[in-house]
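First chain A sits with chain B, and in the next complex the same chain sits with chain C.
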Partner chain A sequence: MDDFIFFINKALVSGAVLGSIYALGAIGVTLIFGILRFAHFAHGDVMTLGGFVAYGLALVAASLGISTFWPTGFIVLPLAIPITAAFALGIDRTVYQPLRARGARPVTLLIASIGVTLMIQGLIRLVAGTGVYSFFDTEPKELIRIPTEWMGGSRPINLTEPQLLMVIVTVLAVVALHFFLTGSRLGKGMRAMADNADLAQISGINTRHVIRATWVIAGGLACLAGTMLALDVSLKPDLAFNIVLPIFAAAIVGGLGHAYGAIAGGFLVGFAETLAVFNWSVVLRPFKDSIPFEVPADLYIVPTEYKLTVAFVILVIVLLARPTGIFKGAST
Partner chain B sequence: MSLIELTNVHAGYGGAPILNGINLSIEASDIAVIVGPNGAGKSTTLKAIFGLLKVTQGTIRFAGEDITNAEPDALVPKGLGLVPQEFNVFTSMSVEENLEMGAYIRRDDFSATMGSIYEMFPPLAERRRQKAGELSGGQRQMVAMGRALMSEPKLLLLDEPSAGLSPRYMLEVFEQVMRINRAGVGILMVEQNARQALGFATKGFVLANGENRFAGTGRELLDNPDVARAFLGG
Partner chain C sequence: MNLRALLLFAAMALFIAAVGWWSGAAFITFIMLNGLAYALIAIGLNIQWGYGGLFNFGIMGFIMLGGFAVTAVAYPVNGAFWESDGPAMLGKALLAFAVGAALVVGAWRLQRRLLKGPAGIALTVLAWIVAYGLYRSQIDPAASYIESEGGGGWVGGMGLHPLLGWAFGGVLAAGAAYIVGRISLGLRTDYLAIATIGISEIIRALLKNADWLTRGTLTVSPIPWPTPLPQDFQAWGVSIPVSFVYARLGLLAVVAVVLLIALVLVQRAYEGPWGRMMRAIRDNHIASASMGKDVKRRQLEIFVLGSVLIGIGGSMLTSINQIYDPGAYQPINYTFLLWVVVIVGGAGNNYGAILGALLIYVSWIVSDPLAQNLFGALSDASTRIGWGAIPEIETRSSQMRVFLLGFVIVAALRWAPQGLLPERIRRDL
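And then the complex of A and B:
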């Protein structure tokens, strides 16, 4: 039983956390693609920026002596999210909108977003330096232990407070997004524009307004994801740049332009990566008498250093079976 | 004052101009039909009115107001509606959501309008929860027309509403067009089935090479031997 608890701690908790981060990032990528038809390569860096904005606000809060039961990085989110959303809006206004006005093709916008990647990372290094920061320099990271005696275990299920909050907040964000997209006038207008931008405009939908709303939502979710990631591990200038490829893989696996697909894709890739680097010999050990071969001490599907490849293996497999993703996404 | 008036309109997609001086005017009571060979600029005329391509010369006036090169979404509140020929429904959205998108500019209660559209197109009422992409061609055309009517336009532009439809559906679409017109909506439509359309049109315009060739009532154009020989297939 304790081996199963080890599996929950090391594989399921980590998978849910990683999946949450991927899902929040992939929703932003997929919404931007649906509305503007280009791959926003700088999305990872918007996430990192969101993390740094929250970190800065947490420092301010600490210097003011504000301390609560919850992690400070979590408490400052209601302020960090609108700041990051405004920043995302500002990037569109200064970089992408002028290009669109000149009729730039999607590939031009993609290249421009690579430039934005470098600019955001440069800006972060300029302001915060190249170091690694932690939200928990000034306060402890609370550990939540769920006793398992009732299910016959002797060791508890461990997860940190940020991990628990992250999964809860992701679920809340996804539910809120669902009601926004299916219930609100602007949300339906957003789906209409992603479906057929010309027809949306012909119907009287103010597409410039929808574009602004898309950046606000994508930027806000990116701040959430970046802060959560920083709370779980630590904060550095290339924090989310390193996971932008699995995030894109998640968005494509789910079906580009499809918000629910991005959520499914995010959790699929997150769990797949975690399970691929999990040491399965621990789980197999109790059955070693009934297994015909010797169970080695370490049994991984792939070594940890190759974790990143898992996302692409999943991508290839899914696209071979369903060329437009799990949910039927845009192919262009 | 005409409902819409085009004066010497030139327009194109940036390359060679497609419209080389289009003139036409329509009253609210009119069903106007544009006919002509392929590439004459029929659909382009509708797109130019709706701000979907650049007008380089000439003016377009709607109810006296200059709307040349206006943004498409700004034209809907003024009372224009357009049903494109292709890609004219939101395929991933339900029939009802398509109609709601047509009423996007309306902040009032539009349930009565929606009711009248379901009454006009009974097959849509049964399929209101179904995705528009799953419907047949004729039903999609109903959704497209219904969507455009949800904003309660004063002038409805229809780009080949009968394209790809069976003769039975074509007659049904034409009947609905006449019914919409009787309710006080001006109609400007492009039609391949020129003879049938001119049969009920109050005004007809023959276009060729981006210019007006003939204009008159539908009857006059049908009876004109030059028009019949050159544009209506003898």
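And then the complex of A and C:
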């Protein structure tokens, strides 16, 4: 039983956290793709930027002496999210909108987003250097222990406080997004524009307004995801480059342009990555009498250094088997 | 070549001469060597993007493959490894790989012909799992044996001529490009961009972590040159500073010849029917398909062809710098810098690619000390007015260049989308 609890602690919990991060990132990617028809490569950097905004605000809060039961990085989110969203909106205004106004093809926007990536990375490192930061230098990371006696275990299930908070916040954000997309006028406009931009425009939908809303939502979710990643692991300026592949894999798995698909894809990729680098021999050990071969001490599906290959392999399988993704998205 | 091109090339020559006068002959020959290798890579990317309209955001991966190829081919043979059990173990791993591949292909064929539906898919998945397990069961012990006891810690090279290594670099890059292209061409262009980013990061992870194959972060040096080394010139009685200039000029001649051959071939192809067909596919693939062109095959062709040049250029870079360090490759120095080169130089124009490569590469190198000095001055100023010095000044000043690189991309796309030398289409044919 304890081996099973170890599995929950090491695989399921971190898989759920990683999945939430990827899902939030992938929703942004997929919304931008659905509305503006280009792959926004700078999204990983917007996430990193969001993390740094939250970190900066947390420092300010700490210097003001604000300290609560909740992690400070979490408390500042209501401020960090609008700042990051405004920043995303600013990028669109200064970089993408002039290109769109000129009638540039989506591929030009894609290359421009690479330029934006470099600019954000340069800015972050210019301000923050290249070091690694942690939200928990000044306060402890609270551990939540769920006793497991009722299911016959002797060790508790461990969750850190940010992990629990973040999974809850992700669920809330996803539910809110659902009601926004299905219930509100603006959300319906977004879905209409994703289906057919020209038709949406002649039906009287204010497409500029919809585009603005898209950037605000994508930027806000990116801030949430970036802060979450920073709270769970640590904050580094080059966080983005490693997550851009998994979030795009997640968005493509779910079908580009499909918000719900992106959520499913995010959790799929998150769990796949975690389970692939999990040491399975721990789980197999209780059954070692009934397994015909000897269980080695370390049994990883892929070595940890190759974690990134998992997202790529999933991407390749989807591209080969079903290029439109699980929920039929755009493919051509 | 028109007047605009001649003027721009003359301006660039002046710029390089000024940098050379400022930095000395040994340094500028070294920069020119790297710059010409970048020019070859830029032509490769220009074929893919300028002719074919195909994204390649994984240039770094193909460059790394080229570097690995020249290391494996040209580095002296490691006798200790070949006398150990290592080769036999690797042979078994190779056999396991072959058996696994046969299993997968067999299952796939069976699924295609006889067992359609869930049973066939289950069989294919099972074949993949068995093949992967089989291969891992052989390669893991072989790798740890070679790394720990099998003599020298890695397999070593083959001791062949470096030019063969350059050619092999092209072959390896072509193989990787073929696989990526087969998977993602014919779908949205964004998918190719994602897939190339993925493959390049995976190539980096593989080459960095497979210590038995590449020595990983321990690095391999010195990589032999196809031409005499500075040490050879010194042995012939040339003084040390001059020997570097002579040796680099010798290698420069070889690199320039390769670049020239590539340029002539690519340029001729571009002006022929093949180039017209490629432009037609790029500008309107639906119309070209309706004219009977096999769009997907042609795109694959051009993607592989461009990657060959990128791979050869990557081999050259490793040869020139004489060290293969998989840990030192960063996308910014390769993938993104080369995109700036092609966008600034002018997509679809090979002279533009060469101009852009030399201009951007030399500026990139020169901007490092410039940024350091600028930040040093700023730091002095802030100290004087009592704000204190700027901390971590070296990393910050180099990050300033990353920001500028991004800004150049965005600005070029907005105000000069055609580049310095725009694509020229001859209408008189």
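By definition in this document, the second predicted complex is superposed on the first by the 330 of 332 C-alpha atoms of A that agree within 3 Å, B and C clash if a C-alpha of one lies under 4 Å from a C-alpha of the other, contacts with A are read in each partner's own complex, and residues count from 1 in each chain.
One rule holds in what follows: contacts are C-beta pairs under 8 Å (C-beta built on N, C-alpha and C of every residue); 3 or more make two chains touch, one makes a residue touch a chain.
Just so we're clear, the structure is a prediction, and the values are computed from it rather than from any experiment.
*Asks:* Please work out whether A:L172 is in contact with chain B alone, chain C alone, both, or neither, and reply first, second, both or neither.
*Replies:* In the superposition, A:L172 contacts neither chain B nor chain C.
*Asks:* Return first, second, both or neither, reflecting whether A:I205 touches chain B, chain C, both chains, or no partner chain.
*Replies:* First partner only, chain B.
*Asks:* When the two structures are overlaid on chain A, which partner does A:N196 contact: first (chain B), second (chain C), both, or neither?
*Replies:* first
*Asks:* Touching A:I114 in the superposition: chain B (first), chain C (second), both, neither?
*Replies:* After superposition on chain A, A:I114 lies in contact with chain C alone.
*Asks:* Could you let me know whether more residues of chain A are touched by chain B or by chain C?
*Replies:* In the superposed model, C touches more residues of chain A.
*Asks:* What is the contact status of A:I144 with respect to chain B (first) and chain C (second): first, second, both, or neither?
*Replies:* After superposition on chain A, A:I144 lies in contact with neither partner.
*Asks:* So in the superposed three-chain picture, is A:K188 touching just chain B, just chain C, both, or none of them (first/second/both/neither)?
*Replies:* The answer is first: A:K188 touches chain B but not chain C.
*Asks:* Could you list, by residue number, the parts of chain A that touch chain C in their complex?
*Replies:* So the residues of chain A in touch with chain C come to 33, 38-39, 41, 95, 98-99, 104, 107-108, 110-112, 114-123, 125-126, 129-130, 241, 244-245, 248-249, 252, 256, 303, 305-306, 308-309, 311-312, 315-316, 319-320, 323, 330-332.
*Asks:* Of all residues in chain B, which touch chain A in the complex?
*Replies:* Answer in residue numbers: 50, 52, 71-73, 75-77, 82, 84, 87-93, 97, 100-102, 104-105, 147, 151.
*Asks:* Can you check the complex and tell me which residues of chain A touch chain B?
*Replies:* Touching chain B: residues 185, 188-189, 191-192, 195-196, 198-207 of chain A.
*Asks:* Which of the residues in chain C come into contact with chain A in the complex?
*Replies:* 53, 55, 57, 183-184, 187-191, 193-195, 197-199, 201-202, 205-206, 208-209, 331-332, 336, 339, 343, 391-392, 395-396, 399-410, 413-414, 417
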